[in-house]
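Take a look at these structures.
Two complexes are shown next, each including chain A; its partner changes from chain B in the first to chain C in the second.
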Partner chain A sequence: MTGTGGTAPATYSPSPTTHKNKASLFQQDWVRPDGRGFHQCRPAFFRTGAVNAASGSAYAEFGNTKVIVSVFGPRESKKAMMYSDIGRLNCNVSYTTFASPVRGQGSDHKEYTAMLHKALEGAIILESFPKTTVDVFALVLESGGSDLPVVISCASLALADAGIMMYDLVASVSVSCLSKNLVIDPVFEEENSQDGSLMITCMPSRYEITQLTVTGEWSTPKINEGMQLCLDACAKLAKIMRSCLKEAASDSQE
Partner chain B sequence: MVGLSLGEQHFIQGGISQDLRCDGRKRLTFRPIHVETGVIPQANGSARVRMGATDVIASVKAELGKPSFLQPNKGKVSIHIDCSSTAEPAFEGRGGDELSSELSNALQSCLLGGKSGEGAGIDLSSLIVIEGKICWDLYIDGLVVSSDGNLLDALGAAIKAALSNTGIPRVQVAVGESSDDQPEVDVSDEEFLQFDTSGIPVIVTLTKVGRHYIVDATSEEESQMSSAISFSVNRQGHICGITKRGGAGMDPSIILDMVSVAKHVSEQLINKLDSEIASAEAEDQE
Partner chain C sequence: MVVAMEEDEKKQQAAVMVTPGEVLGRVSDVKPGRGAYAALHNDTVYASLTGFCCTIPPFPDSSDQRPTVEVTGHKAHGPVPQPGSLVIARITKVMAKTASADIMCVGPNSVREKFTGIIRQQDVRATEIDKVDMHLSFRPGDIVKALVLSLGDSRAYFLSTAKNELGVVSAESIAGATMVPVSWTEMQCPLTGQIENRKVAKVAS
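For the complex of A and B:
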């Protein structure tokens, strides 16, 4: 785009897509951009073994949210760390610069690393790898909404692929509150105009919640409803994750 | 923190299951809360809260700034917590960073609501001076001076007290000028507007030890916890935020039970805090 005589920097960015001024009028009968029902999750795609160099890895794609996670370890803890007779978990979540519509804007998600750590540490049997560290590195390739739940589910699949002992797979789903409606597995637009969000991470076979984050104002019956929705969705997600692992295992046997 | 021997651990756990904690409290009783306001003269608002040996200070500074592009009719609030090394030697340098960012994130999600700004405890639209151009930016800073457990509740209470102590200077806007120039504002040194804090939630942390939950855990009791959930409840009894600490898994029915216990406990806490803040403000004015 040749603009004014060479003074403008040579980058082109498309005009910001749909700068709707928070269409709060439409939220009463909100139609989801991808045509899903309010209580319908996006179709999930998982594949393990995405990164050959890692001990275990997984790739997950939920609509427009694409995440890749690699697991390294158990490997020797840094010499500076104190002796520990249980293993250590080290997590990191980072965004690529092209993950969000505006370049480089994903950097305000520093708390995702701590949340991933909290979600996984309850599920991993740390006693099985004393003195060593397991590293989990997550990279969000494209952020299409509901990023952290996808990262957590993908990370637990990568840990299973790496052979790290766990009590159960960890599945995670979030629910957004748009005025009066509860919308499961929100997309980017829905997340930006949400009134509240509830994210649950659970171990479906044990029916235990490892992590729970709620923002916004919720009344008790709403929390009830949100939790039930999430737990049902997590159970179904866990089945998909299991079948992905079984396929990978049977492929490698051939 | 000094390690606990096996005998001491059993003593704490046994006491909690029999509704008799080490300092004689029942499971759902808070330690006495002392609130002082106006402790930092240069800040727009400040407060110091003591719960037993836990001592935290919160300060609020207001500066003029530009509102965010996505929400031109709301001011901005940023919350930052610092764990001082006077609290624990482990907090020196980078050591306290992890705990500080965990506390900051928890407070931000409890007090600032969802992304659209709904459900925020603080009314951000009262911070606007000229829509789209000038707004007040509130910088809320918390400092942990001494740590004996239950930091999140103490910080939440301190922030609530500091905000009720906050005076936003009155701003005179010069009329006229073309609409795209930066308007002239005259910040008054004398007159102040008090901030409306009736909507600010309180934070109640329920710590699960064995099969029972306790409120306001000391750091010894926290070392025995399996997990802790912090609930932010406002005056209407609505939950404004939930964060879980600790990795152990929990049955969903237990979490729902904790929600009702938190709501019940928060009523007493809100009343207690309000009366403490009112008496602190009254003393401050003398």
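For the complex of A and C:
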């Protein structure tokens, strides 16, 4: 099962499992499989404290995309590492074998690890834990589209749950271009037949972007529209994340 | 879900829950304490942890009359040894000029995963530091109270027991019983009466 995510244009790869063939004629009247509007995100569900063994953890469910992230640390760096007077961040993103519709080896999204690292390292105050390492392990339980944005948002919640000092929470949303339409928070089928994708990871309270990934062909007005959509959605997502953290904290107080 | 930030006049009055990135005030009004930081590009103080935000009034005679705002984490992650903190460690290896130890507690909190520390010959005690015999100061398995001198190198933190109240707190004798301190250099086994040499910590009674 070679389901590629939102980073490579999946239009040209043969996917024998998806029976939709890319009939671009019909994309003008694309109806989203779950009945959402083009500019409507899936309802987000977050919970922290899912994993007891970890310093911090979070579970996120966006429709059919389910992700669990555990954070360990700060803990001692491996002896082989050189001394560093700022902390280190170590990330890993892996898929379960049952994450995709066809049970397989787990998709080859090795680049997600590096992308998660780049998205998070701008937001963590590394100087607060010199010489030690924070490990972030993300496990995608079910891949229903828009995996990496969900992983990034969930990872930032897990880091906040672990008490790691951060400049701000990190929220991430992606937008897919389906011929003339921009659809936000694409599902798996939309990602497979997209012409291009735009993923933004931002720190909403500071209004700063930590990562921007664009694939495919985009005209300038489309990019502006896509960015605006993403930034608005990130701000709303951040509100949901904050309320989840506050609820969890006040629950533990009682 | 907007939380209104209130400036309170007393410490501990503000029981407002904040999350990382929330605005706590302007740099001209407040000083960032623990759990908060100042962003210089727009002169705002933001929170960096999840927890309760409290405002500490300034000292009446200090030059900077801004109150300090800090965030006390509701859930602190396992502590990390900082220079100047008191730690409890277990000796793992004793060599000619150094002793290795596993740091298990930092202050009153235990760590989730151990850190490695090292006690060098010159840091064992304060007097006659070049005449120290490591084997007469520590044995593997001893529990010591030490002070973190510095972050050290990539492999270990540098620890020191060069104070009266630092040193071996608990040790097992060759016979297997917990020894009783006799002086600052000796401990005695209650079962056999044997005296063994350690750098003993003076426990305040």
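The working rule: the second predicted complex is superposed on the first by the 234 of 254 C-alpha atoms of A that agree within 3 Å, B and C clash if a C-alpha of one lies under 4 Å from a C-alpha of the other, contacts with A are read in each partner's own complex, and residues count from 1 in each chain.
Assume a contact is a pair of C-beta atoms (placed from the backbone, for glycine too) under 8 Å apart; a residue touches a chain by one contact, two chains touch by 3 or more.
Please read all numbers here as calculations on a predicted model, not as lab measurements.
Chemist: Mind working out whether A:L231 is in touch with chain B, chain C, both or neither, as first, second, both or neither?
Modeler: The first partner, chain B, only.
Chemist: Is A:M165 touching anything from chain B or chain C once the two structures are fitted on A? First, second, both or neither.
Modeler: second
Chemist: Now for A:K131: first (chain B), second (chain C), both, or neither, which partner does it touch?
Modeler: second
Chemist: So, does A:E217 touch the first partner chain B, the second partner chain C, both, or neither?
Modeler: Once the two structures are laid over each other on A, A:E217 reaches chain B alone.
Chemist: Applying the touch criterion given at the start, work out whether A:R206 contacts chain B, chain C, both or neither, answering first, second, both or neither.
Modeler: both
Chemist: So in the superposed three-chain picture, is A:K79 touching just chain B, just chain C, both, or none of them (first/second/both/neither)?
Modeler: second
Chemist: What is the shared patch of chain A, the residues that chain B and chain C both contact?
Modeler: Residues 167, 203, 206 of chain A touch both chain B and chain C.
Chemist: Which residues of chain A touch chain B in the complex?
Modeler: Residues of chain A touching chain B: 22, 110-111, 114, 118, 120-123, 167, 177, 191-197, 202-203, 206-220, 223-224, 227, 231.
Chemist: Provide the residue numbers of chain B that touch chain A in the complex, in ascending order.
Modeler: 70, 98, 101-102, 105, 109-110, 113-116, 118-119, 229, 234, 237-252, 255-256, 259-260, 263
Chemist: Using the touch rule from the top, collect the residues of chain A that touch chain C in their complex.
Modeler: Of all residues in chain A, those touching chain C are 55-56, 72-77, 79, 81-83, 85, 125, 128-132, 160-169, 203-206, 238-243, 245-246, 249-250, 252-253.
Chemist: Give every residue of chain C touching chain A within the complex, in rising order.
Modeler: Counting only chain C, the residues touching chain A are 1, 3, 17, 19-23, 35, 37, 39, 46, 48-51, 73-78, 80, 112-116, 151-155.
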